[in-house]
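Okay, so chain A shows up in both of these, paired with chain B first and chain C after.
The block that comes next holds the complex of A and B.
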């Protein structure tokens, strides 16, 4: 049986939740909006973020991510126009517009008039000998073990990456009683915000810029790593190797968009370094090259939860407008969201994202 | 090991249950994933690579990477980082790519 619906949203992270709420605000009584989340609970990456958010006040800066996530999830559950399906993995987007979902071991089929993909991102990996030993984890994995499950993930950790995620997870490891041997960063300077770096420095954790992992060793599980210094061209300097014993190595070396569904639907994709990977080519309404498929959040380029939420609102109202729902409200809200995004991306910290988005626009114009 | 005291969080672990890992009993809680319960019991090696037989553990813990696949109650290739613990369930290391029972 195929169920016809108006709008399907894939992914219940900050982007997807905001998209659902926005669309519902514009939707008439009886509209069918379905949100599918593969996890048991809504919230996406926010469920494990115990730190206070950075960003602007409009996007909840100063609140802890975990509480922002709960607030949004509660609002979505309370909205009668949104049907929420958890434990529901979207498997396939077909040419005839059919979307297949695995829910509770059942294979379901839907035909949504519009679709918003908000699947987020996955963690990047690093190539070095021994990188498959048990004990080498993504920083997000360690964060999930300790902040969602309450399990002490390690005794002694080496963290790779001094961006915000590496710094924040290191600090959270200390809070969970784990020894953090050091943070290793290949770049000559710390990438994340200084507030996070200074918290670590105060706790006595060295942040070693200009270093990387040469190899990991251990008989059956990780026992330690060999670090090596890099020159200004990121080339290892022979003879500077140093061994650090640890039972866990955490990789916080960036995320890349989780875009498999977009490839399936044949959305035009383009590699943009500033957005951390291959991203969909979108228009001002965040619609992909396939009419009726919209994107928002990390899947459209790695940024932050704050911008993911605003992108979610933009995509939600854009889909609503395309469905003919309350066009005036939708248009006004779309413009507001665009302004907010411009604000968030202004200033020096937004330079990289602005450059990335400019590239996407260039490629879109080049292709039509 | 489980975190008993945390400056910000408290954990609702659910009910204590026992499941079977490679033939031996392991304790877990119903709100925990199998991966979390094994980790808490100090078990980090979940499988061995199909060709070189190298030990493998989890990597992402959110269901993205398939590094944690095991056979659960006879079903192969279950991602144990997104599967909750149940009383009496059997969790086994699988050989190679797993065998689907007819």
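The block that comes next holds the complex of A and C.
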């Protein structure tokens, strides 16, 4: 049986949750909005972010990520126009507009009039000898063990990557009572926010910029790593090797957009380094090259929860407008969201994102 | 250097220090926030509007120290845990430093805790004169240590655990 619905949202992170709430705000009684999340609970990355967030008050700055996620999830559950399906992985988008979902061992089929993809991102990995030893994890996995499952994931960790994720997860490891031997960063400068770096520094964790992991060693499981210094061209400097003993190596070397569904739907994609991978080519309403398919959040370029939420609102109202729901409200809200995004991205830390979005824009214009 | 190891230099700090005259008048906030990031909860938290992040949220905070009453609301609000309140008028020879703290166990009033520098180096054992938790879902603790005046601009963290009961 194929169920006809008005709008489907794939992914229940901050972007998808805000998209659902925005669309519901514009939707008439009886509208059918379905949100599918593959996890057991809504919240996406926010379920494990125990630290206070940046941004402005509009994006809940100063609040802890977990509470922001909980607030958004509660609002979505309380909204009668939104049907929530958890444990529901969206598997396929077909040319005829059919979307297939695996839920509770059942294979369900939907035909949504509009679709918003908010699937987030996946972690990158790093190649070096010994990287398959037990004890080497992505930072996200360690964070889930610690903050969702309440398991102390290690005794002594070496963190690779001084971006925000590496810095924040290191701090949370300290909070869990884990010894963080050092944070290693190949670049000559810290990539994450310096206030996060200073928190680690004053807890005695050395941040070693210009270093990388040469190899990991251990008999049955990880026992330590060999670090090596890099020159300005990121080439290892022979003779600078240093051994650090640890039972866990944590990789926080970046995320890339989780865009499989967009490839399936044949959305035009383009590789943009500043957005951390291949991203969909979108218009100002965040609609992809396939009419009726919208994106928001990390899947359209790795950024932040604050911008993911605002993009979610933009995509939600854009889809509502396209569905003919309360077009005046939707248009006004779309413009507000665009302004908020501009504000968030206006500073020096937003320069990379601005450059990335400009490239996407160029490629869109080049193609039509 | 700050951008390489997370430790602000003396020059960095000089830019965000109140005058000696103001310091000697009583508790005052110091924002050790040196990078333009999209963030402004410190300014929205201040009850007397002493902190501005202008013209947009990507600027670093500017504190009007003549307005600041040392209430510590911004210390609790700052997601970067970058604001400290220093009171140089605490005692003739002693100052207090209020530090945002997010580790367990939390030291109690009257205990002695080990103070750490911006590089995490131990600077001695200092009396906890106050420890309270920020309201609601904020959860950050504000721990105030009494330190000799010459360490008031050095002590910026507390070693979690191993407190002395004296």
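One rule holds in what follows: the second predicted complex is superposed on the first by the 368 of 368 C-alpha atoms of A that agree within 3 Å, B and C clash if a C-alpha of one lies under 4 Å from a C-alpha of the other, contacts with A are read in each partner's own complex, and residues count from 1 in each chain.
The rule is short, and it goes like this: a residue touches a chain if its C-beta (ideal position, glycine included) is under 8 Å from a C-beta of that chain, and two chains touch if they have at least 3 such contacts.
Not measured: the values here are computed from a predicted model.
For the composite obtained by superposing both complexes on chain A, the positions of chain B and chain C are free of clash and fit together. Once the two complexes are laid over each other on the shared chain, residue contacts for A:122 go to chain B alone; chain C is not touched. Touch criterion met: A:193 reaches chain C, while chain B stays clear of it. If you stand at the C-alpha centre of chain A, chain B and chain C are 100 degrees apart, rounded to the nearest 10. When the two complexes are overlaid on their common chain A, residue A:350 makes contact with chain C while staying clear of chain B.
Look at A:84: by the touch rule set out above, it reaches neither chain B nor chain C.
Of the two partner chains placed by superposition, chain B and chain C are both touched by A:175.
When the shared chain is aligned, no partner comes close enough to touch A:19: not chain B, not chain C.
Contact with both chain B and chain C is seen for A:64 once the two complexes are overlaid on the shared chain.
In the superposition on chain A, A:135 makes contact with chain B only, not with chain C. Once chain A of one complex is fitted onto chain A of the other, the partner contacts of A:203 are limited to chain C, with no touch recorded for chain B. Nearest C-alpha atoms belonging to chain B and chain C sit 5 Å apart in the superposition, given in whole angstrom. Taken together, the two complexes place residues 64, 175 of chain A in contact with chain B and also with chain C. Touching chain A in their complex are the following residues of chain C: 2-8, 32-41, 44-45, 56-59, 77-82, 102-104, 116-121, 137-140, 156-157. Chain B meets chain A in the complex at residues 1-3, 6-9, 11, 13, 32-33, 35-36, 39-40, 44-46, 49, 54-65, 81-82, 84. Interface residues of chain A, counted against chain C in their complex, comprise 51-57, 61-64, 67, 174-175, 188-190, 193-207, 209-210, 306, 343-350.
By the touch criterion stated above, chain A contacts chain B in their complex at residues 38-40, 50, 64, 66, 122-123, 125, 132-138, 140-142, 144-153, 175-177, 220-221, 258.
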